[in-house]
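Two complexes, one shared chain (chain A), two partners (chain B, chain C).
Then we have the complex of A and B:
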């Protein structure tokens, strides 16, 4: 109570006071003034949110300030710097340094947080090394395939794949993120269901339904844009989530109440979604001249959030922000809330959860609905982009299945899926630039697919990692004992 | 830890500041580049036809060539693929299909030193407001009506008297195919002095270019009622006609490229010589005589249309007869009508009996190319129309959605 009092009455008045008084003290309309003004406001706001929801969002004030600064560097400053290439470059430099520093800071913190002295019981270490080793194996296998198809350029090509999203600087980095967004979200959908003991193989169907609803609203509901242009995008995304959620809840319901295996029913629903999609497109939003859907209205396009200045000439848009927020939301739900605990408990042992007083049936429906909603969101973000169209053809969209591989690679944890998805986008860009050498695009597809699917072997690799670490632990322990006896 | 930091610093310096494209430029040595359209390179359509022309020409001339696949199907990705091709050292970028129109429009000014060959399209902005062809761009269009004429002529000469035409939509290219086909059929009938069973109720547009069971049923019903050959200028919907033809052991005529390999029911194909046109354009480039800025139209005169005589399933119509009619097209003895109005004039010049048979086409209320073709209907127009009807529906939807959302939230909250 006292804490709440302190935050509520400490930060909010500060925020309002500064927002009102600052323009009187200095001119906020100059670019420097504006930068200072917005930076301070964002810092105060983030500190407040961070401390108010301490357990959920951040652990300490340093984190909060760090997030605020990162927010500024990414979303606010490029807007001011957009005409000045030097300042933009400086901004990019700061962004890279901050991001890498942040990741290492978090990683070291996580590695050190292990309660056990034994390395083999340090879950972060085992997970991480398992993934890294399997990625290396995948890459080596890719190299072998390249050596088979084009030995003279294999190593040059391998270097291009390793460079991945850095091949063309920030442009390819932006494209990496752009292509990663749908994959992160479908991977998240599969991972969330998996954590609650369900195998959501129907992410493609949920993705398709979300995509259709988003495009339908983007094309037809122009009147929302008349109320407020920003509202249009939100409404399209909102209903896409609902549509995906309903599509995901159906197999959940069948599983919970009729004991139908969700794998079977969600595969079937993939096909149903595919055909319904063709039917609905042809009926409502069919651009017959081009055999595809109509162009969405510009008000329903995913906003760029200044990212297009930071990543020039790339296709990047604000979708990554939504993806990261979703990752964080699901992370919190799974790991910090009672609701998430119940979902996981039902996944681990349905009967035990029921015995403990949890409504296991409803929980199954809920977790499938959430997984479906996330896949629907992926569909919306993929197609709420200028120049993207759904084509009414009877082909199941592949994003859902890639999501399964990404979920495996990310070890079914939301944060892991985020990085796995980015890794996928990174590799895809590497493959794209591999076209500069004498590789056929189809061969490149094979190489990338092999790398990704071998990378998803991390669970298998983990066994060996644990074995190796155990041996090391035992040795260490022995030597400690021997040293102890000497003294 | 220190080593790690040094590594990171090096990493940042190498990649973070590398926002230029210099690194890649050195590798590029593919002079002729093609960007694939939405399909694969062996799509038995535009990609394949164009690519075969490029490989044939470049192998003969000793030029380096390569095709690039865009990262996805969107204007932005097409533009990025053009950038990539230029980085790969492309001096000529060949883009097959109208989907490239707006990306070529953007790229032609970015790369004034690179030549663009845009097949079956004209560069314009995405919203169709500005059409502009720069001096380094050569858009290539085809005289579809001449191709259709050859197909119609050959079908009647082969001995078929009951014909039909199905188009995708009444866009200019398809209308030209259809009108040419009708003209060719009646021209042959006049030569042979027979009466055709081909009138306007066997001439229709599907309304789209995708295969579907409806299209198949329509074609089937025609075959059942005695139509011997259907010419289908409808892109992917042609597959439906092929399926109907094989069900009824009848024949059809393919379009754009040689489709004889796709089905045994393909009598012949009204081809656009994609490979030939690309070869001619590349020859101009090699001879340093590349002229951009204006749209090039390929017809019989410059070998732009043809029937694939080697793979056609003709028994009586032979190469000599084909060469004879082709020569007539080239020297202008026969001027093929390209629109409905010209078709009417064409018929009035024909024999009187044919005039009677073709009368239905004269009164035929076919949508003219000018009325429908090319005029793009942007999505906004539909919105305007829909607005009034669906405002209520939309508001209702928002309310229901919000209520559902709140319900879900409440439900979840209670459980905790």
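Then we have the complex of A and C:
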């Protein structure tokens, strides 16, 4: 009862009340007013989420306040500081310090959450060290390849790769994030399906369908913008998700009801998507002069949310916010809901799921539809950007396949995928600046691919991590026994 | 040299539990040595240590008098140690021969010398009377034959020391007889055997000596000949065990389950596996379906619970026709089901214990609120069942089901199904793999359910259980009900004749 009060009668009305009443009491458009307004709203919202879901991402009032501050630092303050470079720099500095501090705080919390004394049984520690070690191995292999192709500049080049998203400060950091968004989402698509026992190799096709639909609406449906300028983007994204979702649901349906392996059918659907894409572009939105799609209307571009002030001259936009929200949404679905409980059970043991009365067929379709929808969203966010266009050529877009590697690297957990995707964006930026040296773009692609794929070996590396930690545990234990016997 | 294997002062820990605590086991050459202990006492763990699957924290292992280090099953093979696991480890879409050879392939120019291998398998199978069909797929053969494949796998690798982890839990009485004979033959050949079983009469029948474990600790070793079954049970549980279930006479009331002319056709085998069966199960009685494995009991239960399609006939629950209901609808209407195969149906092995305990009820008010799981309630629920049913595991509610001992996995399922508190409880082999103490407890629970006014449908292959627990017995043979008996007015011999199909009463 008390809980009910807290959740339903406490926070949400409070949120709405404050959102409506505050503008009447003080002017929310001044800088202080705006900051207070957004801080209070975010604190209320996150306190609600934290209490409701009891999740490590948000689990106490400190978290809620922190997210509120972060929200201000990223989205509100740069808007006011945009003409003052010093203030902006200060803001950036605060952002970096806060981010690092928070990641450490969360990590330590998660590491300590393990109930076992033994290090080898601390899942977070094992996962994390596995990933870090495999990334190091990946990087070293990258270095070897650079030594092979361009020995004289290899170390200089390696340094550039390591600097990655920091090569040009916040500009390259912004681009890191911009490039990471589609990859995070396709990685998420693969990871989600994987957690439910399905291998979504068709993220490319779903991505393509989403991309086409988004561009189509962005080019043709300007009338929506007349109703409300924001609506245009939302509609484009919405239908892209639907298109990707349908493209994912087809192999799901075939798997569930006709026992067709989803790997085979989704590969075929990748090709079908590719050809349909060429066909439809040429038919409806073909800019013959440039051999590409028409430019989308500016009303359908992904909003920038003030991020361009913080990350000057970069291509960053609000896509990252959508990506993070999606990550959290899928994290909650998988770990907190009855729906996720069913999906995972079906993936882990289909017979037991059937015995328990779960409808595994419908669940397979739903799971693939969600995975497809997320890939479709990736397509939309990639192309709802000024100056981006599709070319009607028979090439399968690579983002879907990169998603597989990212999903592996992120250990199929949504939050892991978020970091893995950012890591990928970071490397890509490194690769971009590598062009300053004498490296061919193809070589750079190879280097990045090698790093990514080796990094995805973390599951394999984990075995060794566990072995090593076990040895330490045993040593610790022995010394404890000796100490104990003294008493 | 007296002992062929000596495991001295072995200690093996798992998170939260000492599975083996300073355990010593000495195996003489040519003997059958039984290993006895409650569920979770650490028997499988001890044997896995010997087989190289786990590395012990402390202790030494000597084989043929020499100290050895066994870090993986290949080492064990080298020392002539073979093991048949509690849950078989066979590749289901491989053939029998492929499974036997797997990991021990003989090659010539990189090609498998498969014909030689098949010949060796056939020779072994003739010699030890282990009948198998080398070219069948594992998924198509019976559990009994799968076990023979596991035994052949050991013999193919020339193992001298054979470990059997609960080999009889999944076998029919006839197959158990055969297996006992085979084990005796093997020891005559000079092989030494360690046998894990919960069935004390089997130990009496074949074993020379018996070592007892309790909660990870070594209790002692006895000569089987001079020790009574009761004494062994007491050593293992630490108290006296009642082998005869005392219960009052059943007072059957209104009908809960009514099965009318039920037929189930297997479309792959093109034959009716359940043929025109009719019966009623009433409140306050335990109705037992007895029969030799593979006579349609599995399909009958699957039809009632919704896992298989009914070809014709009707199933009524409390007067309502539920023939066409889905599994979920049947569950909700009041059917709970302890399934035959705990790993296939009963558990999601990679889920934790607490998650497994809500496998069919996660969507109920109690465990969710608008689609969000209520983790506190789920934890409370698990704690309650763990305490009530004495489910032992390393980490309590958060233990992954995979890491629990076989018997405790079974207890978890029984706990979940009984706790669901439905009008009809279908229990298929509910005590499979349980120790005598736990069996006593489960039997009491079944009777308590009956006395609480539920209908209990018990499917069992064990005649002891059938005669001891049930109030009414129906014998199934080749998919048909061939006779109905009052347990007080019948005996093992009579039931045996009906189960083997040599007699039938015309209804």
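In this section, the second predicted complex is superposed on the first by the 430 of 487 C-alpha atoms of A that agree within 3 Å, B and C clash if a C-alpha of one lies under 4 Å from a C-alpha of the other, contacts with A are read in each partner's own complex, and residues count from 1 in each chain.
FYI, a contact is a pair of C-beta atoms (placed from the backbone, for glycine too) under 8 Å apart; a residue touches a chain by one contact, two chains touch by 3 or more.
These numbers were taken from a predicted model, which means no experiment stands behind them.
Undergrad: With the two complexes superposed on chain A, say which partner A:71 touches: chain B (first), chain C (second), both, or neither.
TA: Once the two structures are laid over each other on A, A:71 reaches no partner at all.
Undergrad: Contact-wise, after the overlay, does A:354 reach chain B, chain C, both or neither (first, second, both, neither)?
TA: Only chain C is touched by A:354; chain B is not.
Undergrad: Looking at A:338 after the superposition, I want to know if it touches chain B, chain C, both of them or none. Which is it: first, second, both, neither?
TA: So A:338 meets both chain B and chain C here.
Undergrad: For A:428, select first, second, both or neither according to whether it touches chain B, chain C, the two together, or no partner.
TA: first
Undergrad: Check the contacts made with chain A and report whether chain B or chain C touches more of its residues.
TA: B
Undergrad: Which partner does A:366 contact after superposing on A: first (chain B), second (chain C), both, neither?
TA: First partner only.
Undergrad: Would you tell me the residues on chain A in contact with chain B in one complex that are also in contact with chain C in the other?
TA: Common to the two interfaces on chain A: residues 337-339, 342, 359.
Undergrad: Hey, which residues of chain A end up touching chain C in the complex?
TA: By the definition above, chain A touches chain C via 52-54, 115-116, 118, 121, 336-339, 341-342, 344-345, 348-349, 351-359, 474, 477.
Undergrad: In the complex of these two chains, what residues of chain B are touching chain A?
TA: Checking each residue of chain B against chain A gives 4, 8, 11-12, 15-21, 23-24, 27-28, 36, 38, 40-41, 66-69, 71-77, 80, 83-84, 87-88, 99, 126, 169, 171, 207-210, 235-236, 376, 378-380, 382-384, 386-387, 390-391, 394, 397-398, 401, 404-405, 412, 415-416.
Undergrad: State the interface residues of chain C toward chain A in the complex, per the touch definition above.
TA: On the chain C side, the touching residues are 15-16, 57, 305-307, 326-332, 337, 339, 344-351, 355, 359-360, 362-363, 367-368, 371-373, 375, 395, 398.
Undergrad: Inside the complex, what are the residues of chain A that reach chain B?
TA: Touch list, chain A to chain B: 89, 92-93, 96-97, 100-101, 104, 156, 163, 166-171, 175, 179, 219-224, 235, 238-239, 242, 282, 286-291, 294-297, 313, 315, 337-339, 342, 359, 366, 385-389, 391-393, 428-429, 432-433, 435-438, 441-442.
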